[in-house]
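There are two complexes below, and they share chain A, which is joined by chain B in the first and by chain C in the second.
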Partner chain A sequence: MHRRGVGAGAIAKKKLAEAKYRERGTVLAEDQIAQMSKQLETFKTHLEEFASKHKQEIRKNSQFRVQFQEMCATIGVDPLASGKGFWSEMLGVGDFYYELGVQIIEVCLALKHRNGGLITLDELHQRVLKGRGKFAQDVSQDDLVRAIKKLKAMGNGFGMIPVGGSYLVQSVPAELNMDHTVVLQLAEKKGYVTVMEIKDSLKWERERACHVLDHLLKEGLAWLDSQADGEPQYWLPALFSELSSRDVTPEEANQMTP
Partner chain B sequence: MSFEWPWQYNFPPFFTLQPNVDTRQKQLAAWCSLVLSYCRHRKLYTLDVMEAQESPVFNNKKIARKLSMEAIQVVFEELRKKGNLEWMDKNKTRCLVMWRRPEEWGKLIYQWVSKNGMVNSVFTLYELSNGDDTENEEFHGLEEWMLLRSLQALQTEGKAEIITMDDGKGVKFF
Partner chain C sequence: MDRFVWSNGLLEMNETLVIQQRGVRLYDGDEKAKLDVGVVLLSTHRLIWRDQKNHECCIAIPLSQIIFFEEQAAGIGKSAKIVIHLHPASANKEPGPYQHSKYSYIKLSFKEHGQIEFYRRLTEEMTQKRWENTPASQPIPTATGSQAGRTRAVGIVGIERKIEEKRKETDKNISEAFEDLSKLMIKAKEMVELSRSIASKIKDKQGDITEDETIRFKSYLLSMGIANPVTRETHGSGTHYHMQLAKQLGDMLQAPLEERGGMMALTEVYCLVNRARGMELLSPEDLVNACKMFETLKLPLRLRVFDSGVMVVQLQSHSEEEMIASALDNVSEKGSLTAEEFAKLLGLSVLLAKERLLLAEKMGHLCRDDSVEGLRFYPNLF
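Right after this comes the complex of A and B.
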């Protein structure tokens, strides 16, 4: 058996072989890409046809809208892409989500002084529907999520935190890292959380738990309750269920600090 | 008509003085609003601090939370700074609660007087606060010390003059 060369000559040879493979690979890839592009073009055309045919339904029916969006997503088409173009002009879908985004911002701003900029998707949904009135287009939670994603992409300080099967929508750029998020998720069940509970559930040191809770207090997302049986409880207005049914009264409006 | 409690009233932390400065500001603003609305609803013009601790405003039995004496004093100090509260004694055991300021009362009273074409008439204080004619007015039942202050405010504006009569005080409106 010849010993494999490890001298300079062998290395050069190896490099040449690799280059040849790469070139071949590139040629192959280019081929495939050309094919795929063609297929995508076809898909796109079909999707556009589909969209014009079912324009009304897409506007009216939120279920339909979800499925349509998913179809678009699989081929990398974003009907919400801003600016002109087939989608925004044809369907006015862009308008729908743009307006929804504005509504969402309004609701979040109106309630920020209460909940520090954190609101459950449920409450947001309730209030958006209320604001739209009886004869407006139906809006689903999926619609909200998409609109929020758009807002997030535009850099409006929006974010979504998964809790208890749904989401908490964050509308202020408070810095929330993984630790904070996980504590919020823990608090979701009862609307409050304690140091003990955090230590027991998450197996953290006391100091880490306190650090997170202090941050939530500082961001105005949590309030301290020191009259609880046992140790202090940290409550989140965003998770306080009674809150979601209450409108902002004139008195409350007057208290809002700018 | 029963009193409508604000959402904060059933929120346990509302009864703990908040450590975060911004949150505390919101909390105190809400407390001031609540105290004034409550007094307005019950037509309370004075509060005794000891009694107040046990009153439903500061003591929510349903959620077993109450504002501490220290916190109550902080709320009262806020109200005092805003011009809605005055201590009646140096020890701060009793206070006057002005859920409407004297100027605002004065305006209401004057509106009633002019609406009924009674400018240039003379009234006794009693007539204004307890007379049959004023039964449906908001200032009906106004305590004398408050009524006097309101009229004094009008006097400063040149809209009234307080006169001393045989058996008490009266007022003439211009």
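Right after this comes the complex of A and C.
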């Protein structure tokens, strides 16, 4: 870091350098910082005006939030970087997402013993909504995704894995590479997968398939059903709720009176 | 509500489930339907509703029956709703829960939220009209609208017009908001470019920046949400704001840390602090930046990052040797321990218990037995 030299000699030298720069027409960094300070004040005023007219829009309209976020990203601004940022303070975007972050962490923590730290975005969405209660504001999946992206800053392995058109949200620092991800995607349809299925679909050798499945077992992400008909089945609790809340199963349907 | 037919809730061939939402009550026009709260399911072909308690009570309506739909915002004591306007039922409609209704629209009341996603997906399906490409194997009665009596058709036209007007009005508000937003973004972009210019000058040393000016610059970046392009650090990566925060955290976290054995995961701290604040919450980055300043400010806390990437705040008084020694004692006493067992023993979270065991292993005091049954630690006798 550049420290200001003390002493008359240093001061004189500095003045000379400054004069030389100004002569060349170069604007000095400190001048620009002063300029930025003024521009910031002006910008703040504009933002206040915008907020007074449209603050509600951001709160109520999730589409507007998406647009807002995308515009910010395009110009290189992160409105959620700090609670002290203008965007957060004046538009209230911060509190909305940071609170959502808290709720996401709490849901993931509560279910970790059951699913090992992996949950579908759909299930997370449902549970967060439930936890927020009747009078809170609705949130979209896009809102969740953005909140999760911010949580990554705190370590702890928050991440998202694309599966079957949506995402699995990971909330523990378990190492999941491409092989693991691909097996998760394969398991998505039925909630479980077998070694044979992996060999058939992915054309892997038995050893590679077992290695991946063992890792998932160890991390608590998969459960082994060794008593299933035919081959042992590796079930993923993260994918359970997704299935159990689908439509009536054929067995149940047979029991229903038309 | 007289457009609905009884259904067994099973999806047909080529019909896919798009989204479902529980906690939904149906309204016949403006009146509550004589049904309880249920689950509403949207498929590529139909809108299905099923009673939450009595799964046999299930009704459906083809999407082609929908003329138009719109959101109705929540109010005090009222849930948000989606209002769906329907074509008249065709003459050969199968039996349903209502023989006759004076209304040509229904409402879905979202008592447990979920209306944003549902509305979005419904819009998608109504735009794509996937049911036209892949007709379900069972014939679904489609109404063409013009079969109905003239009085009904006129009613619908009147409603449509009113809705169209309201939509134009809403669109106008939204487009004004977007316009203002675009103008705002242009100004924000100027700030971003200015900050980049300053940053490159600092790097090239074109000018003499004091420490104060650097700190000021950083706080400007913070206000605008611009990432700090200058990599050199003064007092860590923080601003005065973060210094203040760090001191607050120092006070606030003493007791909780002591209660939890001297260590807390950063995500835990985040929840604790933000729940306590209620308003003007901290962003995750704010928390991280504040914690990074503990050492510089000589506060009795430290931010620590484990090999796994887990970040914790720990009391400085919390000696590492003590932690490892006690871990070794516990493991020796029990013969062996898993992270879950250790966590239970000490009243720690499993995550932190695991980190402690890993640390002891790293120092050579424990060794592991890694099997599908889990990760178990033994005293290292080698």
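We take it that the second predicted complex is superposed on the first by the 187 of 258 C-alpha atoms of A that agree within 3 Å, B and C clash if a C-alpha of one lies under 4 Å from a C-alpha of the other, contacts with A are read in each partner's own complex, and residues count from 1 in each chain.
In this section, a contact is a pair of C-beta atoms (placed from the backbone, for glycine too) under 8 Å apart; a residue touches a chain by one contact, two chains touch by 3 or more.
Since the structure is predicted, the reported quantities are computational estimates derived from the model, not experimental observations.
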item	value
Between chain B and chain C, more extensive residue contact with chain A	C
Chain B versus chain C as contact partner of A:218, first or second or both or neither	both
Contacts of A:61 with chain B and chain C, given as first, second, both or neither	second
Contacts of A:70 with chain B and chain C, given as first, second, both or neither	neither
Which of chain B and chain C A:200 touches, first, second, both or neither	neither
Partner chain in contact with A:227 - chain B first, chain C second, else both or neither	first
Contact residues common to both interfaces of chain A (with chain B and with chain C)	217-218, 224, 246, 252, 257
Interfacial residue positions of chain C with respect to chain A in the complex	8-11, 17, 20, 22, 41, 55-56, 73-74, 79-80, 110-117, 120, 173-174, 177-178, 180-185, 187-192, 194-195, 197-198, 201-202, 205-211, 213-214, 216-217, 220, 222-227, 232-234, 241, 265-267, 270-271, 274-275, 279-288, 305, 308-311, 350-351, 370-372, 374-375
Residues of chain A that touch chain C when the two form their complex	1-4, 14, 17-18, 21, 26, 28-33, 35-37, 39-40, 42-44, 46-47, 50, 53-54, 57, 60-62, 64, 67-68, 71-72, 74-89, 94-95, 98-99, 101-102, 105-106, 112, 125-126, 129-130, 132, 134, 136, 138-141, 150-157, 172-173, 214, 217-218, 224, 245-248, 250, 252-253, 256-258
Chain B residues touching chain A - in the complex, by the definition given at the top	6-7, 10-16, 18-20, 22-23, 25-27, 29-30, 33, 37, 64-66
Chain A residues touching chain B - in the complex, by the definition given at the top	113-114, 192, 217-218, 220, 223-228, 233, 235, 237, 240, 242-243, 246, 249, 251-252, 254-255, 257
